[in-house]
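Working notes for the structure below.
Letters are used for the chains, namely A, B, C, D, E and F, taken in the order the chains are written, and counting of residues starts over at 1 for each.
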Amino acid sequence: MFVPSGDLLEYYAGPASDVYFQRARDTLLGEHLDPVVTMEYFGDRAGVLCGMNQALDVLRPALGGEGEAWALAEGDRIEAREVVMRVKARYSLFGVYETALLGMLASCTGWATRAREVVDAAAGTRVISFGARHVHPLVGPIMEYAAVVGGCVGCATPLGSQLAGLAGPSGTMPHAMILVFGDTVPAALAFDKHMGPDVLRVVLVDTFKDEAEESLRVAAALKERLRGVRLDTPWERGRVTVPLVKEVRARLDQAGFEQVGIFVSGGLSVERIREFVAEEAPVYSFGVGMEIAAAPPIGFTADIKEVDGEVRTKRGRIPGLTHAPRLQKVI
Amino acid sequence: MFVPSGDLLEYYAGPASDVYFQRARDTLLGEHLDPVVTMEYFGDRAGVLCGMNQALDVLRPALGGEGEAWALAEGDRIEAREVVMRVKARYSLFGVYETALLGMLASCTGWATRAREVVDAAAGTRVISFGARHVHPLVGPIMEYAAVVGGCVGCATPLGSQLAGLAGPSGTMPHAMILVFGDTVPAALAFDKHMGPDVLRVVLVDTFKDEAEESLRVAAALKERLRGVRLDTPWERGRVTVPLVKEVRARLDQAGFEQVGIFVSGGLSVERIREFVAEEAPVYSFGVGMEIAAAPPIGFTADIKEVDGEVRTKRGRIPGLTHAPRLQKVI
Amino acid sequence: MFVPSGDLLEYYAGPASDVYFQRARDTLLGEHLDPVVTMEYFGDRAGVLCGMNQALDVLRPALGGEGEAWALAEGDRIEAREVVMRVKARYSLFGVYETALLGMLASCTGWATRAREVVDAAAGTRVISFGARHVHPLVGPIMEYAAVVGGCVGCATPLGSQLAGLAGPSGTMPHAMILVFGDTVPAALAFDKHMGPDVLRVVLVDTFKDEAEESLRVAAALKERLRGVRLDTPWERGRVTVPLVKEVRARLDQAGFEQVGIFVSGGLSVERIREFVAEEAPVYSFGVGMEIAAAPPIGFTADIKEVDGEVRTKRGRIPGLTHAPRLQKVI
Amino acid sequence: MFVPSGDLLEYYAGPASDVYFQRARDTLLGEHLDPVVTMEYFGDRAGVLCGMNQALDVLRPALGGEGEAWALAEGDRIEAREVVMRVKARYSLFGVYETALLGMLASCTGWATRAREVVDAAAGTRVISFGARHVHPLVGPIMEYAAVVGGCVGCATPLGSQLAGLAGPSGTMPHAMILVFGDTVPAALAFDKHMGPDVLRVVLVDTFKDEAEESLRVAAALKERLRGVRLDTPWERGRVTVPLVKEVRARLDQAGFEQVGIFVSGGLSVERIREFVAEEAPVYSFGVGMEIAAAPPIGFTADIKEVDGEVRTKRGRIPGLTHAPRLQKVI
Amino acid sequence: MFVPSGDLLEYYAGPASDVYFQRARDTLLGEHLDPVVTMEYFGDRAGVLCGMNQALDVLRPALGGEGEAWALAEGDRIEAREVVMRVKARYSLFGVYETALLGMLASCTGWATRAREVVDAAAGTRVISFGARHVHPLVGPIMEYAAVVGGCVGCATPLGSQLAGLAGPSGTMPHAMILVFGDTVPAALAFDKHMGPDVLRVVLVDTFKDEAEESLRVAAALKERLRGVRLDTPWERGRVTVPLVKEVRARLDQAGFEQVGIFVSGGLSVERIREFVAEEAPVYSFGVGMEIAAAPPIGFTADIKEVDGEVRTKRGRIPGLTHAPRLQKVI
Amino acid sequence: MFVPSGDLLEYYAGPASDVYFQRARDTLLGEHLDPVVTMEYFGDRAGVLCGMNQALDVLRPALGGEGEAWALAEGDRIEAREVVMRVKARYSLFGVYETALLGMLASCTGWATRAREVVDAAAGTRVISFGARHVHPLVGPIMEYAAVVGGCVGCATPLGSQLAGLAGPSGTMPHAMILVFGDTVPAALAFDKHMGPDVLRVVLVDTFKDEAEESLRVAAALKERLRGVRLDTPWERGRVTVPLVKEVRARLDQAGFEQVGIFVSGGLSVERIREFVAEEAPVYSFGVGMEIAAAPPIGFTADIKEVDGEVRTKRGRIPGLTHAPRLQKVI
């Protein structure tokens, strides 16, 4: 099985690079051709730029102090076909990294853009990324980082949390743990007993019983230590609905547990979140998984626009530098 | 920046694992609860199973010879909600790998499933995966591996090719190389001069001139050494169309270059490939990028169905083992 | 408030008749015009004929032995615009009953037709009409009668049951009764204690707890005396779903209660019933309310086609008797 | 055949009541349980409340002076799920009337709501309900009452007119009467001769001849005594169209019969009425039948919210009294 | 105002020719270039070829016995992009006629193709073209000719009839004539009196009275001399409907006028004709106007495929002669 | 083949007139009926009136100084069913011209109306009609005249240009001419050499090579004499796109050829022109063919409204003169 290790630059330039960039490098070297080219990078849809920091982490050592680069900043809103990066350097220095550079921007901008839509839909309610399980684990934490760039306030993996500069990962408890206990209340009490003070006491309440009933049982057991209940009703039971949230809220309040927040998860989409918001469901926080994880990449393209100072580009593109006043010099 | 290295098992169990699995482990250990559980894994849509080999590479060392596992094979067609793997072992041995196991299956099955749709659309014409640039480079080669599991006959990165057990990666030449030369013909001649005999002479013909005209110029220069021309017309020029392929084919044939195949790339989707096939465009091979790379993951779920021999599962699911006669014992 | 009483014929001819039929009668009498007319009745859509028996109960005494009538039979499938009844008599004998005759056919045929669609969708599973509460109580039992004519095997009101010639009305228990008890199990035990042997022990299981959990509690309490559980999950909890039925079935079977049938109700439509059938949900019987009760009437029209033996009709219609070989002489 | 007679309360509590309410009553009596409950009634769609007066006519004698009730008024606009009535009393006093109470509200509110839509579409032009023939005659007059509550200015049956508090029923003449005469002009003259002064001289003009021609013939015969002509063109001749109304108006005016109004009927829907209004057709009054008669009922629900002073309700609903400041004490 | 006269060839080559063909001729003459070219003509949609005879009437004198031409026949079904004519001659002989040749084919093939759709929809019932009034009178008869090529059995203008080789034009009587008379019956009698025996006695019956009534009046007046009635109900009265045709047929038959055919006209489209046919309306003949007259032209293109024996064509087309085995030598 | 010649009035009254107008004339003459009638003409859709001048050219000599006429002006915007002309004269003077008068208005108004839509879409950019080849050559120049009435600034045939009062026809060069030369540059040089100074040097640049490349070659050859390039990319190559125009503009400007305008043609529709305008493509002029040529005629109708001073019209229409204050006396 594959293990990217040691020198990631070597990995990006070789095993992970489209082979034709390597063949181009060899052909040009064979002809002793190595002009200074100016290359521009742009995406094919509007969105929230992400992956640029990783790209610059590749480019800086690659250029070795020789060329120049200009870019927009991580998290910037970008337009379709807007130039997000420009590199001016000898082609041999960075040509073979094109696969890696475009791939970082494509995946991360896709995720950050969708996260922004989700966060906008939530209209101020907290959104946490819970979707690491829906992408390959080599990029799970990177997806979570992008989700935070897009506006999420938390994520589930320790590395994702660290990449995003958060205090720590977010999480409640899985159904598996409660199933091993066989009842939610003793599971909640044990969780409370063994977890450190930094871990929020949020108990999952849909494993065995009706969510409203279980919420009241758990609240009666943990009392003021209970910070929240998580509703994750499976689709076989109609998923979490707006009326369920309102009813659980009302029943908790009537029993004196106003301090207990309601955490909602399970197949949340932009559309469903808009419904919760429109109907003023009293949600404390949304846990979003597949909606962000499955965001399609945004395709990025790199175009040569000048060769040794002469404007030149391929058919279909306009030769010469594009007007791009927002670019900042980064290398 | 992140470098997953050394012991990937540690990485999957810790930094890349949803933190609540780790908290569940700690709570259960605190209570000295470690029953043998039976867990079943299934996807939410039909597709082509992929990622199972990687998942077993994680499970085998994790179980350490103690539990049992049954699974379907890499590349199997699966139904929605069909059980693809069953693990029976002490929960502490494999609970924290759930994020990684599900993520491998989700991404890889998503890519392989879409690749199969593309390959089915191509109806016998060769399909090559050229989409590594559209996903993060840490998973680019894995995406290409999944594309080959789904039916592609080639891919673009050396590592992807190696993971898929192919003879070598596929590729022609990038626009950048031709732009550095300033003319396609000398670029093609230099490529022919410097590449080894294993590299197919396929020349990209849309950089500077009309594709039909350039095809004839290149063929006249490389003569019988020319194996193919690649049409990658940009969308600004209407992309590659069926009549363009037919015209280039006719003009090459009229000039005596029947041996030159036509390679088509550029924004190919299942739908556009169906058009090429329906109108009998004489395509030798399709290069597909974003269509496969942007395939959404297929969500996978792991359910406990038995605890210490007693049937038990969460609300919404049917307790006890699911009838799954296709499973084979793998551990 | 209105009480139709005593002589219904008087009611139909006077207070409940469109006043212009009474004015027409007075005008014709004033002119001593009372020809024998032949009138034909037809509906504007295809369906299942119902209300004909009531109509003939009006016509027979009205004609007083003088005229003739031909009709199709209650429950017959009819085509759009097919003649369902023909009356040949002096106009003064039956003209003022037109409002009543058409209204009986319109409402009852509408209900029976929709009931047939529901029953066809159920594909052999029993359908019971529970919709009396959705129509005015003066016609609630008549609606139920029509539902049985359309194919339902039971209905909820005693009078509906009697009109339809059934052994007795169908019913389980309302949420209100369980709410008064405060728990489903004692309510079920009391129901079992006080009801006669002819009443099926079917217990409503969604009032307080999760349906699967409550089903098992009730089954444990009533044991082999329990005949069924009724699932009536409110829309706020996602209504009854196919997986819920399957899960309750599985959990009951695993606990040894194979004899307990599952009764499904709550917002059932033709479309939802088709889903249950298509996915083979193990439903014992469907309780359908609004879907049948809200069926739109089928508009019926009465046309004079002959006057004193001369063919005559209004513009837009074809004069003379319509070819209608299925009609049978009834008066 | 069924004759609801004598004591309607007995009818509502027995033959017309869902049998399970009677079984619930018997079970609770068997257990000597008869708490004071608070029940709330609401509809599932917005509309114009109707049937409330009939419901209170049932409740007042049923409660026998013991309980309390609050309600909105007949004709009030209501929101979806707004509480329209609240009853606080011993359950045994009113539980068995639930089928009747809900049914009155469902049918009548459905009709009144659709009538309001029709009246709104007519934008000031008079609308008369002519649909008694499209519903069972036991509720025909009640439907007409509801249509007037919804905004119609007239209806066709004497009892409907009386229930609605109108001066008398509306009507012109049926095709049957004209067909017996064999010509419209003598029919019109006879009608004029025999009807009292309170009956409007409105003549139906589409039976034998072109409507424009017949209108002029009738006007020439009745002269200034003619109050209107009714256009009821059958669908076989394209129904009444906007240009037909304008043409008849113009031809009448050119002949000096400005005092003759145009009455339009025949398959009028909200949509078609909007067209007449949008194109400023000179209509004096619309006669609407099926569009109102076929209005689907609005489903009403009754929920227990308190039992002996304790908040209690079923799963899916919020326990305790709903905030409903518009309710007025009625019992 | 324009009068094309005398020598039509001069007109086509000069005033009616796109000026750039004349400039091309002058430029080529200036350079003494006049190769033999092979030109192919094709349409962009499938249809019924028409206008070819006119085109050959231009080409024959133009080529003056020098070149060659191959073509499909007038009335042939053609495929989209199928070659319908090929001309091999010196370019100077026919280049300037391209506007005229393409225009003849475009208009006529458009009309003939739509006529065929109409005729196919009529499924054996006779269709007559009445649309000359909807196109410029300089081409009205040509449109009618094309309609007959497409399958119509008659047309309305004398010249159209002559071009199509019919015995004579078809026509009944206009509303204007009847309006001058002031009543249909005297108009019909006068028509019968003054027309020769070759003119069918078909009377228009919707001018003043209801069509059914007028049909019977006219039939009573002309008796066995009446050959048909024409229904042309204006859209303000709902146009001619299927039930109107059936009713008029029934009333004529009941009165003993089985010999009178029903001619239908007025806004007939392919779709409406299909309705008449599907519902088996007893129509003797359809008069179709705008549906054929407004048929869009089918765009024709002329491509040079060879120049002095060398294959040559423009970008986008395949050089050399197209495989077209159905072409016949015509010049 | 047909040649309309000599006396067009005779042609319109005879060979090109619907025969039933001639039969009506003969019948009325036979009865010595020749009242003064008032006839009104209107179209069935809104648009730009055209053909009126031709119609008056027919009417004036026909009336021979005897009657009166009122009309709207050529080029006026008209509403659906607005009266565009009124004639008051003895019926025998103009009845037989109805086919011709309506046909002129129908075709010309259809073309002018569509031209106006195209011109509006172009939002100020020049539109030239190039569609003569898509209609029969007898009306090609008339179509072009109507296009100019609708707002086009030029057209392609000499006669069309003359009818429209333009300085001369517009045109560049056909593909055929360039194909005969075998290369665009010598063709352009020859064209420049042989054409007079009044002919714009606009060169077609898509025949052999990529449009951008060819534009630069042609500009380099003709230098400041080059007035424009015409892009007419065939659909097989994706037609002319917005990015192609922008790219050619940029490349011309970068090479110093700012004076060269870009002429776009090839399948231009209202919709495509809107795209060019919305995306600010630097187009100098649009050449539009089929979009205008295939405009459906607008159906015109002539109604008698008075006969010898008495209001009279057919069923469906309002008798008497229509209020039409915009009409001006023209005869």
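We adopt the following convention: a residue touches a chain if its C-beta (ideal position, glycine included) is under 8 Å from a C-beta of that chain, and two chains touch if they have at least 3 such contacts.
Since the model is a prediction, treat every value here as computed from it, not as a measurement.
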List every chain that touches both chain A and chain D. C, F
Repeat of A-D among D-F, A-B or D-E, where over half of the residue-numbered contact pairs coincide, is which pair? D-F
Most remote chain w.r.t. Chain F, using mean C-alpha positions, is C
Please identify the chain with the largest separation between its CA centroid and the CA centroid of chain A. E
Does the chain D and chain E pair touch with the same residues on each side or with different residues, judged by whether over half of the numbers are shared? same
Hey, how far is the Cα centre of chain B from the one of chain E, in Å? 58
Could you tell me the distance, in whole angstrom, between the mean C-alpha positions of chain E and chain F? 21
For chain B and chain D, let me know how many angstrom lie between their CA-based centres, rounded off. 64
Residues of chain C whose C-beta touches two or more other chains: 208-210, 233, 235-237, 243-244, 247, 315-317
Testing understanding: with touching defined as stated, what is the shape of the graph linking the protein chains, line, ring, star, complete or other? other
Chain pairs that touch, by label, are A-B, A-C, A-D, A-F, B-C, B-E, B-F, C-D, C-E, D-E, D-F, E-F
Along chain E, where are the residues that touch chain B in the complex? 311, 315-320
Under the stated contact criterion, what part of chain D meets chain F in this complex? 210, 212, 243, 246-247, 250-251, 254
Chain B contact footprint on chain A (complex, rising order): 1-6, 8, 11-12, 14-21, 23-24, 26-28, 30-31, 33, 35, 37, 39, 51, 54, 57, 91, 95, 98-100, 102-104, 106-108, 130, 132-142, 156-159, 162-163, 168-182, 187, 190-191, 193-195, 199, 206-209, 233-237, 289-290, 293-294, 296-297, 299-300, 302, 304, 307, 312-317
Chain A to chain C touching residues, read off their complex: 208-210, 213, 233, 235-239, 241, 243-244, 247
